[in-house]
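Both complexes shown next keep chain A, but they swap its partner, so chain B is in the first and chain C is in the second.
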Partner chain A sequence: MRSSPAFHYHTFLEESIMRKALCLLMVFILFLLTGCTGNPDNQGGKSGPVTITIWHDKEAAVIAVLEEAVKALEPEIVVMFEKKAGMTESLKLVGNDKNAAPDMYFFAHDKIGVYAEMGILTPVTDLLGDDALAGYLPLTVKGGTYKGKIYQVPLYFETLLFMYNKKYMAEKDIPATTEQLYAYMQRKTKYGHYGFVEQHSTPYYAAGWIHGFGGSLITDDGVPCLDCAEVKSALTYHKKFVEYMPGETEYATVNTLFTEGMAHATIAGPWFVPTVRAVGIDVGIAPMPIVDETGLPLAPYSGIQGLHVLKVQAQQKKNVILQVLRTLMRPEVSVKLAKVSGCAPAVESCYTLDEVTNDSLIMAMRHTAETAIPMPNIPEMDVMWTVTGNLLTNVNMSGQDVDSAAKAAQKKVLELIEAMK
Partner chain B sequence: MKKLVALLLCLMMLPILPAVAETAEMLVVYASVPADWSWPCVWAWSSDGTNAFASWPGDLMEPDPANEGWYYIYLPSGMESVIINANDGSVQTDEIKIDKQSAWIKVAEDKTFSVFFEALTTGEAPAYTERFTVYAQVDATWENPGIWAWEDPSGKNAFAAWPGRAMKPNENGWFSAKVPAWCNCIIINANAGSVQTIDIKDLDPADLWITVNADASFEITYDDPTALKAADITVFAKVPEDWENPCLWAWEHPSGTNVFVSWPGEALTAGEDGWYAITVPGWINSVIINAKEGSIQTADLRVDAGKDLYVTVVSAEDAAVTYEKPVE
Partner chain C sequence: MKKSNRTIAGKRTAVAYLVSAPSLVLIFLIVVFPILYTGYISLTNMNTYHWFDFRIIGLRNYERALLVFDSGFLSALLMTVIWTAVNMALQLIIAFLIANLLNVRHLPLRNVYKTILMFPWAMPGYVSILLWKTGMFNSEFGLLTQWMKELSGLTVRWLQNDLSAFICCTVVNLWLALPFMIMIMDGGLKSIDRSFYESATIDGAGSIRQAVFITLPCLKPIIGPSVMITLFTTFKQFDIIYLMTQQVGSQTGAHIHTIITYAYENAFITNNYGYSSAISIMIFVLLIVFAQTTKRRGKEADA
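== the complex of A and B ==
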């Protein structure tokens, strides 16, 4: 760089002004630097509170519990809960976009495989440490685990439950086994009433029967099992129960049959209980019947609701995200969430508290958690629902032979999985 | 020491005492009515507008076997006023204030009344029990039908002596009687008990309708057969060109009763105007249009029962229902 000749004519006064300006500039830079280093998780160098955004799909009462809990972190950390329509698709679109992705999302565990394969999630144990979920129910940890890594901090879970109308079903009639249930259905399904109804041709509900025969829709490593012996045995056995249920058993029909007093018993989620109680039905909850042939109980799927951390944000905001997670992992938050959601806490220690042990609904879910199966979280599961639904319709409603229907369904699902890859 | 224990026990009971009072959720109203007041009923309400029963004339009173000439009924404890009526509501008293208390009401021939808040009957009122209604339609040769009810297997009877409770005749030709909810068996009888059905066992404690033939055979349903039934309707459907062999699947919600035996239902008939059509019972209120042997379908479509309908299918996810033929 060439010096300007004019430079040599600076006066002392000019040099003094320059020095002062330089000092001011340095002070200003120092001020900015101080602002930056004061909070390692700042956003783009701005000072002040750090905002954490959590997407969710939950009702207001659930979010109110979380909002109350994270107030303790203010003013340094402000947590924004944002209800997101079409959240699962949005995460696919922007999950890797630092400017658009949330810091976390609050949702069921079953999309973890898809997002983990996309590389948009951080294992929560990377933030919290390997033993962080040691006090959680095994079911809830298993639900959030994909390929050996845990991607979810579970908050609460739900399982399907065996419910009965106490007006109709006496305690002595509560079926301990599926054959007892079948005998009850034979005896009480008459004159327009049903002994038992369920969504017999919906995979989420049929899965309980399949698990009761030791089968599964898909293996943990993504191999579909629709033509496995256990699945076929379950479908064959279950069909005799279907004969004592109405032909159409979609969600609204089954629920209405129960709430209008036309069905004695059903299998439904805990979310159904407030509706049932609101219409004045004295509802009882009982353990799932045991399949006589296998000695295994009907084992429904379980949905585990919890927090997931987006990788793209975790790198920059690690400490703040950690504080938010630890705040929301406190057992008292889990208990409050269980109460407002009608679900069950994920934290084992909650089950020593009176307010939990006195709640028959929560305890029934806790009991079922011993045998319930977390919904598979592998990506292949996405195509299983439709194909399994068609299989159930073909067997239960169209009268197709189980063997040929299962074989066709297996072929179809393998094609779809291959196409997905 | 004993005094201390007694004091402690008293203190422990203190929070319980009001709870006992608060859980007394029912009050009892007794009435004696003129001889020509048949099948007395009670209509009851509270000052906030809450009615005890869904519709006039309210609920039927039970005769008290221990106090001849007296009828009784249990009401929710918040009830403040009642009207005693009879003969299907064609005769009635004016409003009678009971102020949330059990009461004994004497109704005179001129419909005036006297109210007492101290028992005019002897002994305790029969214990409160939920009841359900049995409706019976009997052959013309079966006169003055009655009902006998009991619990199996205990053998406990609902009524003191055979042939049991007389059934109330109703304007629609059906007779009715209330039965305690703990009963699970009934017999319908008539002609002073000289004709009867067999034991009808293992019933649910829910309103039921029984049609009895001259030979004592019968049919039962928990679904009110007197409810209006809709006439047949026509379902019209317009589907995309590649939806081959479209079919209709139809059912009634919430009973789940299907029109067709198996999926995918019945084929629609192609019309000249591009609309497919099929006639189905008017009671359906849910349909699915499907094609290609059920491999493609719409979502469940809720429709109004008893109306012809037009389903325009754009795709599996996009179908619209109208009750007038869409303008094209």
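== the complex of A and C ==
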């Protein structure tokens, strides 16, 4: 039986469609495959400039200082700074992929433990030598140390500061102790004004009070201490201050109360100072009050910002990374960074320079650094923030009994730490 | 002849599959693969300490995951069901009323109202939620707080206790979800033949009887899929409740948990991907059961 021309036409049409569809499919698969390959520029080529990629989450002014510093390495070495949204998660995903991982990242020290355990970081001392960080403030070196190895080249650090509005808080009223602060709050918290405000139920801020009682949220080897006597004493004592603070504990509310002139004093980070000055508030910085009961000052957490090297890239670009690190470790870079970031240099020798010693903000942080504690960088902190936040909220805002709330929080955090493993 | 017909049919089927192949590949990559991969990860010990060297550990994560399904989880499940029921009921009633108002004959500025009503849909959910939290419910600067202060001299902390926080979260969810439901109902109302109403009017049926016996039965098949989509979105709600009451650094004192926020707080923050994946798979199964139950009950009601 012969087939009709119409049948031939249809068969031809179908085959033609099939061919086109197959082509489309092949193109699509090719697109997927090429999309999955890395950027060839990221490879350490044998000829031409070597590109070093540094991921970061910083503002443009800070990166401009670094870019200026590494220009001296061109044309042999080109350093690319890439601002990365969701950098911590991205590093988890591609941290060991040489085609996708950056060579370094510029971030706070508190994720070091997680990345070191994952095996994506290389100790910076393996590149720089054991004594490379000898001239750095002990606080900053401690922040980058995990299980005895140093994983960060610190560039600058920040600590929380006691700030006051000079219009309302006279020199004689600046509290030297926490009881003086409490008395001031009792006198001045009225008619919509607050004597003192802080993010009272946020672990990062409340930690200063806990340290002031000689306690800590967690030990260096990862044992949580939420039901320790010191922590419970701190929470009980701190609660009487909370009664003279607003119910909201979030960043925006607390800071707005200060910038609107409705709060006389606060504890905030150095990043808040430019905002305060911009609205015309004459802000003063004072040492942290001393807890009367213990004789210890409120000792806030400190965040150390610095460079971390990815193991997968260090293996093939060791010398180039080393050159970049040495360039960015120069004290003059640290000073410039401190100026633009409003933070304090990590290099000790910077504090002999006039431009640093004349800056009251930097020197206040240098002073606080004597007692401040680097945020723990152990992986267990990932669950500590949430559980401690819940504990603080339960005590300060839901009116739960400190003992039972602390006991429940300790039980919960132990379960979660167990679940991490 | 039969053989050649079969060949043609076979070729046509092959062509259909080939033409659909890019879409099928995409669906596989975006929908099926993540589910399969989550299932695979749930059988491993992938966590911070075994990130790249993880291995299969069988069903051990599921054994541990069952511990999360404790009394706290059951409370969260109950809360999720209440949350879903209250929100769905309010959404359907309010959207039905507004859609009917939008379809009033000779309504002036109809398109302006529609545009305004669609506005919440155009805003990113995250932004809307935080705007509500700080702009309306904040106990220092929120608009509602200011009104309360003016009216009664009292400072109300809207998000501090469970009941008021639940109501506030419901208001925000309605604000975010209503535009979609209104749009679907508005389209549905437009598709109903006017002659039904004319006949009913001649027969002496009032507005309520017309709504019950004409509008609702005609709308039901049109809005069915949208209701299902909204039902699941509401059931697995995370961002509204988390951002309004539980975000670290701005917790409010309320303890309302849906199953997702509960699982987040009790598993996902551990960075134990094997364990978290096991919980995700169990919640996925729970949702499938919920979907099948809802579908079956819907069919029974139709019958």
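We take it that the second predicted complex is superposed on the first by the 375 of 421 C-alpha atoms of A that agree within 3 Å, B and C clash if a C-alpha of one lies under 4 Å from a C-alpha of the other, contacts with A are read in each partner's own complex, and residues count from 1 in each chain.
Following the convention adopted for this analysis, a residue touches a chain if its C-beta (ideal position, glycine included) is under 8 Å from a C-beta of that chain, and two chains touch if they have at least 3 such contacts.
Keep in mind the model is a prediction, meaning the values are calculated, not measured.
Visitor: Examine A:114 and indicate which partner it touches, taking first as chain B and second as chain C; both and neither are also allowed.
Guide: second
Visitor: After superposition on the shared chain, which partner residues are touched by A:421: those of chain B (first), chain C (second), both, or neither?
Guide: A:421 contacts chain C only, not chain B.
Visitor: Once chain A of both complexes is superposed, is A:193 in touch with chain B (first), chain C (second), both, or neither?
Guide: The first partner, chain B, only.
Visitor: Scan A:331 for contacts with chain B and chain C and give back first, second, both or neither.
Guide: neither
Visitor: Thinking of the overlay built on chain A, is A:215 touched by chain B (first), by chain C (second), by both, or by neither?
Guide: So A:215 meets neither chain B nor chain C here.
Visitor: Applying the document's definition of touch, where does A:168 land relative to chain B and chain C: first, second, both, or neither?
Guide: In the superposition, A:168 contacts chain B only.
Visitor: In the superposed arrangement, which partner chain does A:123 touch: chain B (first), chain C (second), both, or neither?
Guide: Neither partner.
Visitor: Among the partners chain B and chain C, which is in contact with a greater number of residues of chain A?
Guide: C
Visitor: Report for A:261: first if it touches chain B alone, second if chain C alone, otherwise both or neither.
Guide: In the superposed model, A:261 contacts chain B only, not chain C.
Visitor: Using the touch definition from the top, say if A:345 reaches chain B (first), chain C (second), both or neither.
Guide: neither
Visitor: Could you give the residue numbers on chain A that contact chain B in one complex and chain C in the other?
Guide: Residues 246-250, 252-253, 256-257, 393-394, 397-398, which sit in both footprints.
Visitor: Mind pulling up the chain A residues that touch chain B in the complex?
Guide: Going by the criterion above, the answer is residues 167-168, 187-188, 190-193, 197, 245-250, 252-257, 260-262, 264, 393-394, 397-399.
Visitor: Taking the complex as given, what residues does chain B use to touch chain A?
Guide: Listed in rising order, the residues of chain B that touch chain A are 181, 202, 204-206, 208, 220-223, 251, 253-258, 262-264, 286, 294, 300.
Visitor: Spell out the part of chain A that touches chain C in their complex, as residue ranges.
Guide: Its residues touching chain C are 1, 3, 10-11, 14, 17-18, 21-22, 24-25, 28, 92, 96, 114, 117-120, 199, 201-204, 246-253, 256-257, 379, 382-383, 385-386, 389-390, 392-394, 397-398, 416, 419-421.
Visitor: Which bits of chain C are touching chain A when the two form their complex?
Guide: So the residues of chain C touching chain A come out as 1, 4, 8, 11-12, 14-15, 18-19, 21-22, 25, 47-49, 51-52, 64, 134, 138-141, 155, 157, 160, 248-253, 255, 265-267, 269-272, 275.
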